[in-house]
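Some structures to go through are shown next.
The two complexes that follow have chain A in common; it is paired with chain B in the first and with chain C in the second.
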Partner chain A sequence: MTARSLVVGPFNRVEGDLEIRLEVEDGRVAAAFANAPLFRGFETMMLGKAPMDALTITPRICGICSISQSAAAAAALGAAAGQPQAAQGALATAIMHGVENLCDHLTHFNLFFCADFARPAYGGRDWHDRAVARFTAMEGSAVRACVEARAQILHIVGLLGGKWPHTLAIQPGGVTRAPTMRDRIRMTSTLSSFRRYLEDTLFGAPVEAFAELESAAALTTWETGDAGLFMQIAADLDLGRMGYGPGRYLSFGAYPLAQGRAFAAGLWENAMTRPVDTAEIREDLSHAWMHGDTTHPADGQTFPDEDMQDPAYSWCKAPRLAGQTIETGAFARQVVDGHPAAIDLATSGTTVLARVAGRLLEVARTQLLLESWVAALKPEERFMAEVSLPADGAGEGLVEAARGALGHWIRIEGGKIAGYQIVAPTTWNFSPRDATGTPGPVEAALVGAPVLPGEDTPLSVQHIVRSFDPCMVCTVH
Partner chain B sequence: MNILWLQSAGCGGCTMSLLCAEGPGVFDLLRDAGLRFLWHPALSEHSGGEVRDILHAVEQGNVPLDILCVEGSILTGPRGTGKFQMLSGTGRSMLDWVQSLAPLATHVVAVGTCATYGGITSAGGNPAGAIGLQYDGHQPGGALPATFRARSGLPVINVAGCPTHPDWVTETLLLIAAGEIDAASLDALGRPLFYAENLVHHACPKNEFYEYKASAEKPGQMGCMMEHLGCVGTQAAGDCNIRGWNGGSSCTRAGYACINCTAPEFEEPHHPFTQTPKFAGIPVGLPSDMPKAWFMALASLSKAATPQRLAKNAVADRIEVTPTIRESKK
Partner chain C sequence: MAEETDLADIETFYDVMRRQGITRRSFMKYCALTASALGLGPAFVPKIAHAMETKPRTPVIWVHGLECTCCSESFIRSAHPLAKDVVLSMISLDYDDTLMAAAGHAAEAAMKDTIEKYKGNYILAVEGNPPLNEDGMFCISGGKPFVEKLKYAAKDAKAIISWGACASYGCVQAAKPNPTQATPVHKVITDKPIIKVPGCPPIAEVMTGVITYMLTFDRMPELDRQGRPAMFYGQRIHDKCYRRPHFDAGQFVEEWDDEGARKGYCLYKMGCKGPTTYNACSTVRWNEGVSFPIQSGHGCIGCSEDGFWDQGTFYDRVTDLTQFGVESNADQIGMAAAGVVGGGVAIHAAVSALKSAQSKAQTSPTPSSDKEA
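Now for the complex of A and B:
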């Protein structure tokens, strides 16, 4: 047996700081340890501040999930007040949030994930020349087209929210700007232009044709556009049998609207979906550089262990649902929502392929949702309801960021923030081991990954890690 | 010229904002100016061992470094060690890396208010000991001493903003590439004057409301947000309303307060962000360069003269009264 230990970092093309330590035996990963090596302390910064300050501070946790953080903070404050957003305000929030999630998926696919296929290590594969032309970092034609299309669709967030990232437009009562008829028609045009980009480059077909795929086979044999190029690469590299997740999928449900959430909430396991009970969440601190006990986030605190003592190895807490690890993200969201192709894929386990395919499905579905939402905007209605916050109270705000389930838990005492805890999607996916020694989802997914002789930053490990689209700045915050 | 970009303790939002550059997009814009990334953590192919090789080559002087961009504040905690941010795979703190690389660079650019002055990461008692590259809030001297000069002879160029506007960053880099940045191009806080010589108030669509002190009272209303809703656009450096964000918008255009995010210590206004502090019912804080007595006199006069149209629209969520159309002179 040959054994060696590798430390992989700086791990780029993930949002934020990530270090992965690998134990390698006989050319395969035997154990992996995910470290989030940056601690800023947002949860403690909030204590003693006015509750509404959460709307300014929490988006700045993350520059890529900024609207998700805004929406979660607004939802937590709204829950504390016991009042929902004005119906049209919720719709405007969903439009901004949908645009952010769509952009994040495309950034991940074109800039973060597919760049690895252009590497010289894959030279000679029959798809490599196309991958180089399309996906070479900062130069590929798909990369540059994506950046241009993304900048343009973010005009919608400009119109409704002033700027991206870090808008303050999303409030517990709705949004600060009532769009006009002119705004609506501009957004319609922007979406038409974006549809053309998706159909010309990403799917090579009508958006509906991709959104309505009904089986894993139809999805994984898709041939046109960059989605088709990815499927060809994935088949050749066997990405459908790499990086297995825990098979338990969590979604808090995306886009809370007056008529319900556009993508359903739930926990999917063994072909069954059950409601999520957030009372079953615990954050385990046994392997985090944190003092304190395992608690529910509503009772949680954040006291960093400045001595960074063993056996902890990350600033990330380890959330568990009913004691178990779960996977969250676009694929999980599509499985929980009952998309037939996603469920079909899930029955053989979540892999690198499934995670990327789930994101592509969601891109198509989100475009369709955005078109329907903009059409449903009623400029003559109210976009902001009056909300009065209690001097003492608590609230839970649950949303779906691009990367999965995001929760904010606020406690207000004497008109000030007395407790604020955040559990982000990558906190779930990249959590360290818990008190039972159970590895977090990415740690488990890496076991068995091939490590070639001479590799110090194994490509298989890079594919698996990036398939989760980790956001490390949200993870520890 | 080459650019080495490091992400220290921030949210990554200034890079995300940078990707919103338009006409042309950021990659074409920089390439056309002869700028290329030696490495960027979110955008480059190189990862892991390849990056360590690049960093060591620069540190050992084998690769000259033209521009060092740092995005995010520098963490000094816990207890001055910088261990709240270790640059992964290297066993060294980001504090250590930045202090080692900055003197080797011809230009050092701090991207965003975290990197310039500490920013939001230093809010609320500053749990991680966040400071800026060459400032700790208003105080000169951060991770680099106040006397630090890059090889060009310039101090750190402070492209402040939370986030930064994509053009503020690209235009700073383009001006550097063209050799057109010197000490006179920067304001007293190290910010490029091309955007910092303006106030956010300039071209704010609420200017007419401001002129007549017709104020919004609640979020979502159209009036000026200075009197009640915490807006400090009359004091904040930035050409936000002239240049426009994401297709031409801005914070105040979207109906919420300017919080002066280009300034040191914006993160701790000592009052709720969206509430104007008042003393005896009178708002504290004056527009830049406005003598207090004159402001009070003008405000009371203009408030008395507020047209009905503005008074009504100020507290509405949309224009309810349109400007009167004059009859033609016969």
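Now for the complex of A and C:
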């Protein structure tokens, strides 16, 4: 038996800093330890501030998913006040949030994930020349097309929210700007040019054709567009049998509208979906550089251990649902929402392929949702409900960021923030071990990954880690 | 110049653009756009074109500390569809944590190579800042505190760009009690010219404008006393706000989505910090000129000003009416704007001026006067 230890990192092309320690035996990963080597302390800074300041400060946790943070903060404040957003305000929020999530998926696919297929190590594969032309970092034709299409669709957020990133318009009662009929027409035309990009470039077919795929086989044998190129590569590299997740999928439900959430909330396991009880969430600190006990986030605190003592190895806390690890993200969302192709894939386990395919499905479905939402905007109605925050109270704000379930828990005492805890999607997916020694989802997914002789940054590890689309700045905040 | 012989084997900007498939026509259009973005007249278009055809491109190393990547996000979404292509290809981002292909040791080697190859000639762009508490342990990159990577990359840099509020001032992560002791770049690197491009994030066009200026003219643009490029930070949001007539007429939004909000009245009473914030949002606007926060019905939070994160709540109205001083400051601003035009012509002293400016008090929001140019 040969054994060695490897530290993989820094991982570029992920949001934030990440380092993974691998124990390798006989050419396979035997154990993995994910370290989020960055900590900023947002939860500590929130204490003593005016509750409404959460709307400005927490989005700055992340420049990629700032609307998700903004929507979660607004939802937590709204929950504390017992007042939902005005129906049209919720719709405008969903439009902004949907655009951001769509952009995140495209960034991940084109800029962060597929670039690895252009590596020289894959030279000679029959798809390699196309991968180089399309996905080479910063230069590939797909990369450029994506950056341009993204900038265009973000006009919608600009129009409704004034600026992106770090939009200020989303409030507990709704949004600060009631769009006019002219705005609605403009957004409609932006969406139709974005549809053209998706149909010409990403799918090579009508958006509906991709969104309505009904089986794993139909999805994984898709042939056209960059989605088709990916499926060809995935089949050749066997990405459908790499990086297995825990098989438990959590979604808080995306886009809360007056008529309910557009993508359902739930926990899917063994072909069954059940409601999520957030009272079952605990953040375990046994392997995080944090002082304190395992608690529910509503009672959580953040005291960093500046001595960084063993056995802890990350700034990331370890959230568990009913004591178990769960996976969250676009694929989880599609499974929980009952998309037939996603469920079909999930029955054979979540893998690198499933995670990427889940995002592609969601891109198609989100485009369709956005089109219907813009058509449903009624400029004459109210976009903001009156909200008065209690001097003492608490609230839970649950949303779905591009990368999965995001929760904010606020406690207000004497008109000031007395507690603020955030559990981000990557906190779930990249959590360290818990008190029972159970590794976090990505740590478990890496076990068994092949490491070729002489590989310092094993390609399999790159694919598995990136398939989760980690956002480390959100993870540790 | 000795510098040019050192760099003789490096492509020109134009070579790089041609290689990226950018047409001559697009190139000229880009030069014209750049000139107007920088406030330079049409006479400067051929000068910019000539500089880009003949100068070796300036290498750029872009590093990330404690931050949220919003600056990069803003940057890759810059105004003219060509601008991001051109600028991205032009600076080539010889090293960029977020966008580059390499990872792990290969990435670290790429950074070392770039530093050695372009010693003294590259621009270091910093996004985020180093946390200094506990010997920098709150931000570890490649096994070492980010502050070490920053110092290492800064040592042989020609100049440093501090992107955004994090690198310039600390930003929200430096909010009380500043748990990690997040520290702006200029407090750690004291022996290099530093240009601050604050904002959370800065406007894309401001970022591309600043970098194009530096690459084209091989020097820094004129800076104000806080070290910000005066061409973009010389005026307050309030001075060019399209809602300003409502302020003057005393017409205010009193609560969200009220009649005044629908009519686009002034947001001063809703806590707008436009009257005390120097930035180009109300002129350049965001997301390719679509809008800016005030246009979305929310007040400005002053994200390009030092300490914006710890000034009481964001929804309190600005009460310091002496600082307000609308009319008197407008005169000073007029003078500064005139200074920018002169600055475009002869800015050779900007670097040393910046050094002296850095040692001055950083408290005054007054734009630079002509004695600094």
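Everything that follows uses one rule, which is that the second predicted complex is superposed on the first by the 477 of 477 C-alpha atoms of A that agree within 3 Å, B and C clash if a C-alpha of one lies under 4 Å from a C-alpha of the other, contacts with A are read in each partner's own complex, and residues count from 1 in each chain.
What we mean here is this: a contact is a pair of C-beta atoms (placed from the backbone, for glycine too) under 8 Å apart; a residue touches a chain by one contact, two chains touch by 3 or more.
The shown structure was predicted, so the numbers you read here are calculated from the model rather than taken from an experiment.
Once both complexes are superposed on chain A, the partners chain B and chain C clash.
Looking at the shared chain after the overlay, A:L18 reaches chain B, while chain C stays out of its contact range. In the superposition on chain A, A:R60 contacts both chain B and chain C. In the superposition on chain A, contact is made by A:P165 with both chain B and chain C. Using the contact criterion defined above for the overlaid structures, shared-chain residue A:R125 touches neither chain B nor chain C, since it reaches no partner.
With the contact threshold set out at the top, residues 7-13, 15-17, 19, 37-41, 44-45, 48-50, 52-53, 55-57, 60-64, 66, 111, 115, 118-119, 136-139, 144, 147-148, 150-151, 154-155, 157-169, 171, 173-178, 304, 306, 308, 315, 382-384, 386, 456-457, 462, 473 of chain A are in contact with chain B in one structure and with chain C in the other.
Touching chain A in their complex are the following residues of chain B: 7, 9-17, 19-22, 24-28, 37, 39-52, 75, 77-79, 83-90, 120-121, 123-125, 127-128, 130, 162-163, 218-220, 244-257, 259, 261, 267, 272-275, 317-318. On the side of chain C, the complex with chain A involves touching residues 20, 66-74, 76-78, 81, 84-85, 88-89, 93, 96-108, 131, 133-134, 137-143, 171-173, 175-180, 182, 200-201, 255-257, 261-262, 281, 286-288, 290-298, 301, 303, 309, 312-315. Contact residues on chain A toward chain C in their complex (touch as defined above): 7-13, 15-17, 19, 37-42, 44-45, 48-50, 52-53, 55-57, 60-64, 66, 86, 111, 115, 118-119, 136-139, 144, 147-148, 150-151, 154-155, 157-169, 171, 173-178, 304, 306, 308, 315, 382-384, 386, 456-457, 462, 473. On the side of chain A, the complex with chain B involves touching residues 7-13, 15-19, 35, 37-41, 44-50, 52-53, 55-57, 60-64, 66, 107, 111-112, 115-116, 118-119, 136-139, 143-144, 147-148, 150-152, 154-155, 157-169, 171, 173-178, 180, 304, 306, 308, 315, 379, 382-384, 386, 456-457, 462, 473.
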